[in-house]
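Structure first, commentary second.
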Amino acid sequence: MVKKILLFTLCLSLFYIPMGFAKSKIKIGLMCPQTGSWASEGIDMKKIVNLLAEDINKKGGVLGRKIEIIDEDDGGDPRTAALAANKLCTRGIVAVIGTYGSSVTEATQNIFNENKIIQIANGSTAIRLTEKGYKYFFRTCPRDDEQGRVAAKTIKKFGFKRVAILHDNTTYAKGLAEEAKQNLEKMGGVKIVFFDALTPGERDYTTILTKLQSKKPDVVFFTGYYPEAGLLLKQKKEMGWNVPFIGGDATNNPDLVKIAGLDAAKGFYFLSPPVPQDLDTPQAKAFLKAYQAKYHALPGSVWAVLSGDALLAIVKAIDGSKSTDPDKMAYYLHYKLKDMPGLTGKISFNEKGDRVGDLYRVYKVDDKGNFVLQPKD
Amino acid sequence: MELFFQQLTNGLAIGGIYALIALGYTMVYGVLKLINFAHGDLFTLGAYIGFTLLTSMNLIGKIGPLPTLFLFGIIIMGLVGIAGIVLERIAYRPLRSADRLAAVVSALGASIVISNSIMLIYGARFLVYPHHILPNFTINLLGMKIPFMRIAMLLLSIILMIILYLFVQKTRIGTAIRATAIDHGAARLMGIDVNKIISVVFFIGPALGGAAGFMVGLYYGQLNFMMGWMYGLKAFIAAVIGGIGNIPGAMLGGLLLGVIEALGAAYISTSWKDAIAFFVLIIILIVRPTGILGERVADKI
Amino acid sequence: MALLHLKNLTKYFGGLTAVDNVSFDVNEGSIVGLIGPNGAGKTTVFNLITGHYVPDQGEIIFNGQNLVKKPTHIIVSLGIARTFQTIRLFKELSVLENAMSGYHCRMKAGIFAGMFKPRWQKREERQAIEIALKELKFVGLDVDLNQKSKNLSYGNQRLLEIARALASSPKLIILDEPAGGMNDQETRELVELIRNIRDRGITVLLIEHDMSLVMDVCEYIVVLDNGKKIAHGAPEEVRENKKVIEAYLGLDEE
Amino acid sequence: MNRKYLIWAICLIFFLSPLFLNAYWVDVLNNIGIYAILALSLNFILGDTGLFHMGHAAFFAVGAYTTAILNTMYHIPILFLIPFSGITAAIFAYLVARPIIHLRGDYLLIVTIGIVEIVRIALVNNIFGLTGGSNGIFGISRPHLFGLIIRRPTHFFYYIWIFLAVSVFLFHRLRNSRFGRALNYIKEDEVAAEGTGVDIAKYKLIAFVLGAFWAGMVGNIYASKMTIISPESFTFWESVIYFCIVILGGSGSITGVILGSFLLIGLPELFREFAQARMLVFGLAMIIMMIFRPQGILPPPPRKYNVDQIN
């Protein structure tokens, strides 16, 4: 019995380790998935944000103070994310960057909002996140409805008549698929011959490809992520089926070509905000050079890069409002920040906190496996 | 009708992999009555070792692709098999006399450890096998286009299973394995070194899983540290459908599960595919509570 | 009218006829023995009576009711309690709890009574303990009641099983090899116990390999061989029966 | 007697802990509390009755979605929905458990995994157009209690832990009753339990229904705490965690299960320092704990009976 009580007290006491913190630096939180299914995105986010923060500190920081990045793992899961958010709130941060995945971000929104902490999400495109009237919430990524519009326009422009839409039942991919479907139906002249989901994380998609083929589409629009897109392209090629594929922005990842193989990947179109390589701003070029030098690779996806833009926006807001007061910063971000040069282009936010601007472009994979920006209209 | 047969072959190819992994589950279950939840992660390990071998040693240019793959296959099976033995020593042997569920929790812990170790070593990003190792052409069979590799994979799975079946049925060690599965105590009395037999089983099962991992890596090309969980779960279902502990049952269950998934996706809904597979599993178990080939054990009272 | 009446009872296991057209009666207040060589189908007959198996043919009439297809727990509540050939106690539970378990079928408390413990529930619990203590005393088990039952000696485990069966206040108790694993002293006490059980008005039906015990305690004996009834009657008659001698000599001597 | 005071003192300190803990640790305790109640409800099925049930998240999900749907569509106050969520989950458990209740050991295990996966897939596919697909349901309101809106971690701390305390009180009584003992008889030996007059199928079903009822009520608390629920919170892996809590803590033991929740839910938070290696350390901890305490950290204590009073 005594042993039992001791055990219990021991366990409890572990939770009461006091934490002290220094005051001199400006603390900015970073919430990203470092474990779980999206660990690769989160680890890239961490690398990018830390690299930029070092750079900013080298140039003297902001308002004469250095910045410090405090990262927490959200595990790509809403519940872990809620805990991570609560933990970050206790660490004296003025703003937080992140995270990847709309439902994960959503679980943290009200926590940061109640604690009056500016949150800038980077990979959370669900429409409703900015429809709730949260004053301190922003995002550097575009919304699903915009992409849905661009997707429909592109499909229409190419002149496809029979369209198959395939998603993977995640919040994001299904949302995009539905947006695209509605837009296509509104425009008319296009027949949706297939609308269903695959199960992400598998290796063999021949079953669904065989089924797709039997519907005889002119084009397949896949709204899911690059691992599945790569396999779909590869297995489609093996089946000897030559139908054009268009992907959503989650297929924008260099690994797509690696997975599919060059032969299968070439000719694949996808929608995406411009990748950093295509930006000729000095910001982006310098950043990529530094990133390559430090980590000997390029960032995996544009989503991680958008977390860098979130950091730049936060720093700019502190600098521009001469304060770390959340209300002043939020006001600055909403109304004062105009066309700030970021890694992925010019950054401004509207009243809802969404990024302003026509971000989506069409990319094509060329014969060498490069992502080539297609001319706009 | 053509669509039906096309989907049938798709299902059989997937099912072959399930069956190969399911064999590891079923063998371990046979001798230890333990659900080795870490088995799927050993499968992943096989795929990653294969990646390392292929990218670090350039043997293909020297001895040609097929001998290389054969050699690598043997190395992988050996290494993953040893990993299986180590796993059993560390995580399961101390729990052999304990409650069965304690071993289940230990197995789940081992699954987390293996998959996260792989992540720490290889990173969380998807890895991709080198391309163009395998011949890539399709065979026209009754109007269906079937990639040659799918047929080769199914055949290889079946060959491995037949070898295993003959090994268990015809050899001395196989007999000892069967005896151990029935009764540890009696096997020991007959002079069988039960610990050794369990090690043998923990070598063979994971070795087959590792081979399956290598095949998946070679054919599908794409690796991720989490991939074993889903394959492991599917293989476990396959083993149960066939009657867990029963080697032909695992083969049957694997192929059947693959076909059910393919046909369910084709004719009902792809987004409900896994739910359909589980539903069929439940129906099979309601009708046959110990699986298709599982023995009905009446209670001895 | 017999308390238990078996008529043309038949049970197949696959191709094997484990019990073949067996009929016999057990009169109220008697001690009846069911004997036969190994594999004769004795335990199967017990399992048919207690509802663990469903007979393929035949009737089992107990106290005017047909037991066929009734589930075991109902049969227990109708007044048939049993012990098992291989001891089946609740190993991790205490001696007292094992004895109390027999009284389960006479109790009423469910989830709500268990959670909110009205006064009748407390009375019932108390009664269960009283009955358990009474039966433990009756079978002569004088041990620490809080120890786990798996820690008891073999003979005491048998006694505990009997106490558990008695706690369900049965009309008929079925003992499957109660003397198995007991020494001579324990066996003598067992004979005494079986008589005491009968003297309480509980009918006893038993399987036993120990012939001297059977001949000593039973008033009526049924002999099975290969699932068939080959003889029945008083101990003296059965002892002289040619078929019985053949059946036993055909196999090895028990 | 000293020991008793010590326990009460610890309880008191614990209940006062939000006063000196920051919001993060309070929220960790809240999560532990939620998992503890879930694991306790699973304990009926897995720990007391010995049924290998790895699909408990399905019942949790049914409760949470019942609350979410009724609250967002009909604006029924959250607190009124607690019993309703429990009952819906219980009915669901009855319907799915009935045909499979006779399955043994590992076969039951895989079927319960199947159930939780089917439920998750159904939720993702927006079954009946009610569950919102993979988006889940958002905008669930907070509980209102006597004019107080429960929304801060500290509020939830008292809400959850008082609910837990009441549950523990009731479960403890139930364990020491005819019902609790009957579940143990089944766990120990089904044939003998049947032979002493226990209706095994019925009791197994009741265990499922009761466990599901409680899990459904926790679903209500969870929904109102998160204000958004989505299918990924109700995966098979969730069920695995409850399962591990029960076995690691000590199956059948109420204190053990609570302690197990502290370890399995609290430890990963302590391991945050390990960053990417966090789950690796966690997995190792699971293996090591099982090797050193295969019967669980605190196996159930024997029941006590007042025998002397009767003599």
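For clarity, chains are labelled A, B, C and D in written order, and residue numbers in each chain start from 1.
Everything below uses one rule, namely that a residue touches a chain if its C-beta (ideal position, glycine included) is under 8 Å from a C-beta of that chain, and two chains touch if they have at least 3 such contacts.
Note that the structure is a prediction, hence the values are computed from the model and not measured.
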B-D or A-B - the one linked by more C-beta pairs in contact: B-D
Central chain of the complex, centres being mean CA coordinates: D
Distance between chain centroids, defined by C-alpha means - subunit A, subunit D (Å): 34
Between subunit B and subunit D, centroid-to-centroid distance (C-alpha), Å: 33
Between subunit C and subunit A, distance of the C-alpha-averaged centres to the nearest whole Å: 71
Shared interface positions of subunit A, touching two or more other chains: 35, 39, 43, 169, 197
Where subunit D touches two or more other chains at once, by residue number: 124-125, 191, 276, 279
Shared interface positions of subunit B, touching two or more other chains: 116, 119, 124, 271, 274, 299, 301
Partner subunit B, residues of subunit D touching it in the complex: 46, 52, 99-100, 102-104, 106-107, 109-111, 113-115, 117-118, 121-122, 124-125, 191, 236, 240, 243-244, 247-248, 251, 276-277, 279-280, 282-287, 290-291, 294-296
For the subunit A and subunit B complex, residues of the former touching the latter: 35, 37, 39-40, 43, 169, 196-199, 201-204, 206-208, 210-211, 214, 227, 230-231, 234, 238-240, 255, 258-259, 261-262, 300
Subunit C - residues contacting subunit D, complex: 50, 52, 71-73, 76-77, 81-82, 84, 88-94, 96-97, 100-102, 104-105, 107, 109-111, 113-117, 121, 124-126, 128-130, 133, 145-146, 148, 164, 168
Sites on subunit B touched by subunit A in the complex: 3, 6-7, 10-11, 13-14, 116, 119, 123-126, 128, 131-132, 136, 138, 145, 147, 149-150, 216, 220-222, 224, 226-227, 230, 261-262, 265-266, 269-271, 273-274
Residues of subunit A defined as touching subunit D within the complex: 1-2, 4-5, 7-9, 11-12, 14-16, 19, 34-35, 39, 43, 72-73, 77-79, 82-83, 86-87, 89-90, 103, 106-107, 110, 114, 126, 128, 169-171, 174-175, 197
